[in-house]
Amino acid sequence: MSNLLGNSYRVTIFGQSHSPMIGAVIEGIPAGIVPDMGFIGAFMARRAPGGSPLSTPRSETDAPRILSGLNDRGETCGAPLCAVIENGNARSRDYDSLRDVPRPGHADFTAAVKFAGHNDIRGGGQFSGRLTAPLCFAGALAMQLLSEKGVRVRARVKRIAGIEDAPADLADPPIDAISEHGLPTLDGEAARRMAGAILDAREKGDSVGGVVECFATGLPAGLGEPMFDGVENRLARALFGIPAVRGVEFGLGFAAADMHGSDHNDPFRVRQGRIVTETNRHGGALGGITTGMPIVVRAAFKPTPSIALPQRSVSMGRSEDAELTVGGRHDPCVVPRAVPVVEAAVACTLLDMLLEAKEA
Amino acid sequence: MSNLLGNSYRVTIFGQSHSPMIGAVIEGIPAGIVPDMGFIGAFMARRAPGGSPLSTPRSETDAPRILSGLNDRGETCGAPLCAVIENGNARSRDYDSLRDVPRPGHADFTAAVKFAGHNDIRGGGQFSGRLTAPLCFAGALAMQLLSEKGVRVRARVKRIAGIEDAPADLADPPIDAISEHGLPTLDGEAARRMAGAILDAREKGDSVGGVVECFATGLPAGLGEPMFDGVENRLARALFGIPAVRGVEFGLGFAAADMHGSDHNDPFRVRQGRIVTETNRHGGALGGITTGMPIVVRAAFKPTPSIALPQRSVSMGRSEDAELTVGGRHDPCVVPRAVPVVEAAVACTLLDMLLEAKEA
Amino acid sequence: MSNLLGNSYRVTIFGQSHSPMIGAVIEGIPAGIVPDMGFIGAFMARRAPGGSPLSTPRSETDAPRILSGLNDRGETCGAPLCAVIENGNARSRDYDSLRDVPRPGHADFTAAVKFAGHNDIRGGGQFSGRLTAPLCFAGALAMQLLSEKGVRVRARVKRIAGIEDAPADLADPPIDAISEHGLPTLDGEAARRMAGAILDAREKGDSVGGVVECFATGLPAGLGEPMFDGVENRLARALFGIPAVRGVEFGLGFAAADMHGSDHNDPFRVRQGRIVTETNRHGGALGGITTGMPIVVRAAFKPTPSIALPQRSVSMGRSEDAELTVGGRHDPCVVPRAVPVVEAAVACTLLDMLLEAKEA
Amino acid sequence: MSNLLGNSYRVTIFGQSHSPMIGAVIEGIPAGIVPDMGFIGAFMARRAPGGSPLSTPRSETDAPRILSGLNDRGETCGAPLCAVIENGNARSRDYDSLRDVPRPGHADFTAAVKFAGHNDIRGGGQFSGRLTAPLCFAGALAMQLLSEKGVRVRARVKRIAGIEDAPADLADPPIDAISEHGLPTLDGEAARRMAGAILDAREKGDSVGGVVECFATGLPAGLGEPMFDGVENRLARALFGIPAVRGVEFGLGFAAADMHGSDHNDPFRVRQGRIVTETNRHGGALGGITTGMPIVVRAAFKPTPSIALPQRSVSMGRSEDAELTVGGRHDPCVVPRAVPVVEAAVACTLLDMLLEAKEA
């Protein structure tokens, strides 16, 4: 089983790209919360396609509808909240040819093996990035609850096509300096160059990848569990649930592997009566447990596997090599739309840990 | 809760660095297996310290004892198998000063917060790398079962202190060319330079980090689940359970973020009647489900936080800045001993998925 | 968390009596199944009210709609199946007075405490028997899959208001002799007397309880797990999820407590080359594992707590004693409608065990 | 998987009747607790055999040893606590003949099927009542924690061989009047008659069953979850994990099925400013959530299946009918020793719910 995220804030996601609806059932929301549908809608709009030349021309109106979980005053009532989003604007025909010839880099082949050919091929079925919409609903609701606890979660595009955004102070990430317009970066010039690389890839029928960096501030120290249920384990589990993620790292991540201990260790200091670390190379967790410093996590996204160029594949039915040209409308780079998705996955996970510790 | 790994091959690890024993309870082992104690012992010896100038001079005799789970013929009987290892050779005094002054880069501070000062400070308590010994027991047993299915799991040191081992063909990793002696690498010269860097760091009272790369071959296509229970999610959850891991990536990992789709997608081909990918940049899983190609996963290890150099920290009791010099005996680099631990975490997880699919 | 049933056939139920919809998300359905909506609808109709003078005059049209989980050929595709049922015909006003004065025997008081007054009081909220409708959907789908394996699940009214149905041979339960019309019993005369007792209770503004007995035939031996995940543990967990259940027993159940071992032990015999028990006092499981004999389980239902007679209660707001007369429309006896619900809970659980053993 | 009980106070039990050790790993114990080994030992002694002519002459010295989970001050440290008990005094020869001929009423047959003949036949293997010893360890530790919260858990023999103990006021159970000597009952005369029935059965080579009734007082209202994770679901799951339990009921249980609603509903009243129910027919939980009234739960135990009389069985190897006389030393009635086991299962479950609600 696999569509469930979380222990205390439990999100079960359902749906396929072209099923009548997609949605999420959320258990564990504290009772008495009035979901801020304005905030949630705005958050989900950041993920929705169609708003930018950088993304797919498909337009999705991801207006969620809440089917259960609220009392007659519109408050959460302790029952599971089910929210659904209608699927529409589906061009199922686009995918018919993929039944036999799997798209390289996609789950068409593995799904066909696993589900003995019964997988829903339309639009990538349950493997579609579309399924991140209900995750964003759950994440936005989580962010609403987190913000009441002073916890903020904010991600940026760290890199696209090898173009880096400006470095950030991990111990005091400049969350408010992340641009709300265009690509969410610190450096506007970097954003422009990234956008150029994306449009360039699109023109060539190709795609590019990138890295999203997410910060979470305001968490208390002491959250998380040792060994297999720590901050990193849980965030990694959540983030690898986002399509196209190939790597996850915390703090300095892979760069730490090339350092000396004397350079990597973050000195503890007392500041305003509180124990902090002077630097934040550790990324907010030691031994799987929060230090109270900002969580810093990065996810690497591969280039969109759906490209317009002809590709080599196979005919599964005839068991022979084949050529494939992927039709349909696709993002030349998933990274911009992945930013709120990363935030959602992080927010769900952090709220889960706060609820487990009964601090939310 | 956090000490449990797996759904079908369920490993619960217990113990602290200086508790009377450490061990693991393993549920879900198929009945009728005779644990190969010679193989298991040899595997665990690869993790044990004391065998090399590159590691801590502490010597641990990690001879496991099986307390339950076998019938009178020495076969697994369907009951949980509990294996324990005695702790000995403990110098608890070494750690007394750490009660008040947490070691930078360690869990001393976060454990003190989480457990309100009741955490076991001796030897790092439950956060000690020593707890990877029972994980290795469980992993070695898993490898025994995997090998009967034709699945091999083998890791190497990919990088230490910035020194790279030779590149490998991810589609056909040269598992047997990984050296069994000294540092497990493909390139003996790289191994010598890495060893030099480790000894150099030790001499300076410092430490270095590195990257372990693990391959698993022989898996069928179709293992794993979509979304949050895929190959990557599970392996990442397991690997972030190993102390000092800061990043996990699959296939080309973070390098994929800088590529074009046309360069990253692995073409499908039919070879000897079987569908394979020509290259293996995806690292063995698409959509969280195995493709049948080798699993390729990398874990980044930070430099050992325990260094002999004086460090800045705080007195938690007096709430003021303090100096700290960490005594005790420590690895200047955990990476060499982490190689079998990574194999163990991977083996446990892959067996878990095979059992879930009833293919083991 | 509490709305999840099952490990391999995982049913998450959501909704409240008066929420826009109620429903279930089902993970773990084998791919390639075409849900038999005719069968499912007929099964759910057995639970639906309005069809009989013995039940509430509320009419519910429990037509389920499948939102996800099917491919374009209408087959299950490996993705979670979400089915919903519209709530309609709600008279929310009926319940307004209950916010302050909890109904004896209901969850009004405990829900108000647990959810700090935010619980959905309308129609009993998430505690309503209405939530058994999505359970019946999941159960009917489970029965469809079970029947393909030769497993049949059938329950009867064993007792209402102290009136017993005819005894059954537990080793060979006469499933097909259970009446499809009126009350599902073996003995038509008993059914008539039970119906009389129900109508009599209704006339007096009172209610009656009873016992449902469920049989499952055709299961292989060897299903279930020792200790806490055996047949009895799982079935009991499921059955106590049905509102009003106060006791669950297997085989001879509480009657076994008064017997001698020599009378209670079921002799093993070889019949047609198969090992069976001559009698079935054990009810189909020994040590939590199926013997291959029919599962026999009984659930005791308390009399409907909603009665028309005036009752003593309290004002929670004023913290003083109060009187209460429950309005609304209620079943004078939940037992008849509980019969398919018991079947559904049993079917979901047995399919779960079969899938876990990969025998379905 | 099946040897795990609880979500927040997680008890994993391991061992077989004749494995070197049996034990439990307990996760989730709050840090800073000093286990009261005197209390725990005394509690476990109530379960241990050998102390009475009413039980088996086997003597077990169930002295538990704690392998992990304590810091250097003997306090729980947040790490899993593993406690083990040595197995000794085993006469494995007694069971050799059972490999082929399964004992009626035992798990020999089902275990042989499930584990393909690899099950540990010695002493019943993992199905042995001996495995309730580590459960009692976990339960005694739970009771220590519960008593600090004012929660008391106490069971009595309600019935043996059809002989009833005196009735108790369920709203105010006379816990302290339960005899500590001989059979734990309210009525000494009933205890003597029960003892006579047990000795009589033993003399005839037979066995008798009975009912244990357990009370838990001092719980706050509001514990437990709706639907499948309520008080009843969890307690039933735990209690059916005790060998020989055939039925579980709450409050009036099966007797409620024969009542009218007007007789069964417990009126709410305000007493000393607190909302209580006047009577406690509901047994302490409504809608799966505690009311604050005493929990009342009953478990029916079948007569010990091991009897000295010759019985009919089969040869599994030759697939033909066979005769069997069970040797070894057995309790003619498990009920007396089951009393602390029931308390342990209840205590573990209630502590689990309190911890989940962060009230312990």
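Chains here go by letter, A, B, C and D, matching the order in which they are written, and residues are numbered from 1 within each.
By our rule, contacts are C-beta pairs under 8 Å (C-beta built on N, C-alpha and C of every residue); 3 or more make two chains touch, one makes a residue touch a chain.
Since the structure is predicted, the reported quantities are computational estimates derived from the model, not experimental observations.
Asks: So which chains count as neighbours of both chain B and chain C?
Replies: Where chain B and chain C share a partner, that partner set is A, D.
Asks: Looking at C-alpha means, what's the farthest chain from chain B?
Replies: Centre of mass proxy via C-alpha means gives C as farthest from chain B.
Asks: In angstrom, rounded to a whole number, how far apart do the mean CA points of chain B and chain D lie?
Replies: Centre-to-centre distance between chain B and chain D: 39 Å.
Asks: Round to the nearest whole Å and give the separation of the Cα centres of chain A and chain B.
Replies: 26
Asks: If you average the CA atoms of chain A and of chain D, how far apart do the two points sit, in angstrom?
Replies: Centre-to-centre distance between chain A and chain D: 46 Å.
Asks: List, in ascending order, every residue of chain D touching at least 2 other chains.
Replies: Answer for chain D, listing residues that touch two or more other chains: 1-4, 13, 78-79, 111, 114, 126, 226.
Asks: Please give the residue numbers of chain C that touch chain B in the complex, ascending.
Replies: 78-79, 226, 358
Asks: Residues of chain C touching chain D in their complex?
Replies: Touching chain D: residues 1-5, 13, 102, 104-107, 109-111, 113-114, 126-127, 131, 159, 161-162, 201, 206-211, 221-230, 232-234, 236-238, 240-241, 243, 245-254, 256-270, 273, 275, 277-278, 282-283, 285-291, 300-307, 309, 311-314, 316, 319-321 of chain C.
Asks: In the complex formed with chain A, which residues of chain C make contact?
Replies: Contact set of chain C toward chain A: 1-4, 7-8, 10, 12-16, 18-23, 25, 27-28, 31-32, 65-72, 75-82, 84, 92, 111, 114-122, 125-126.
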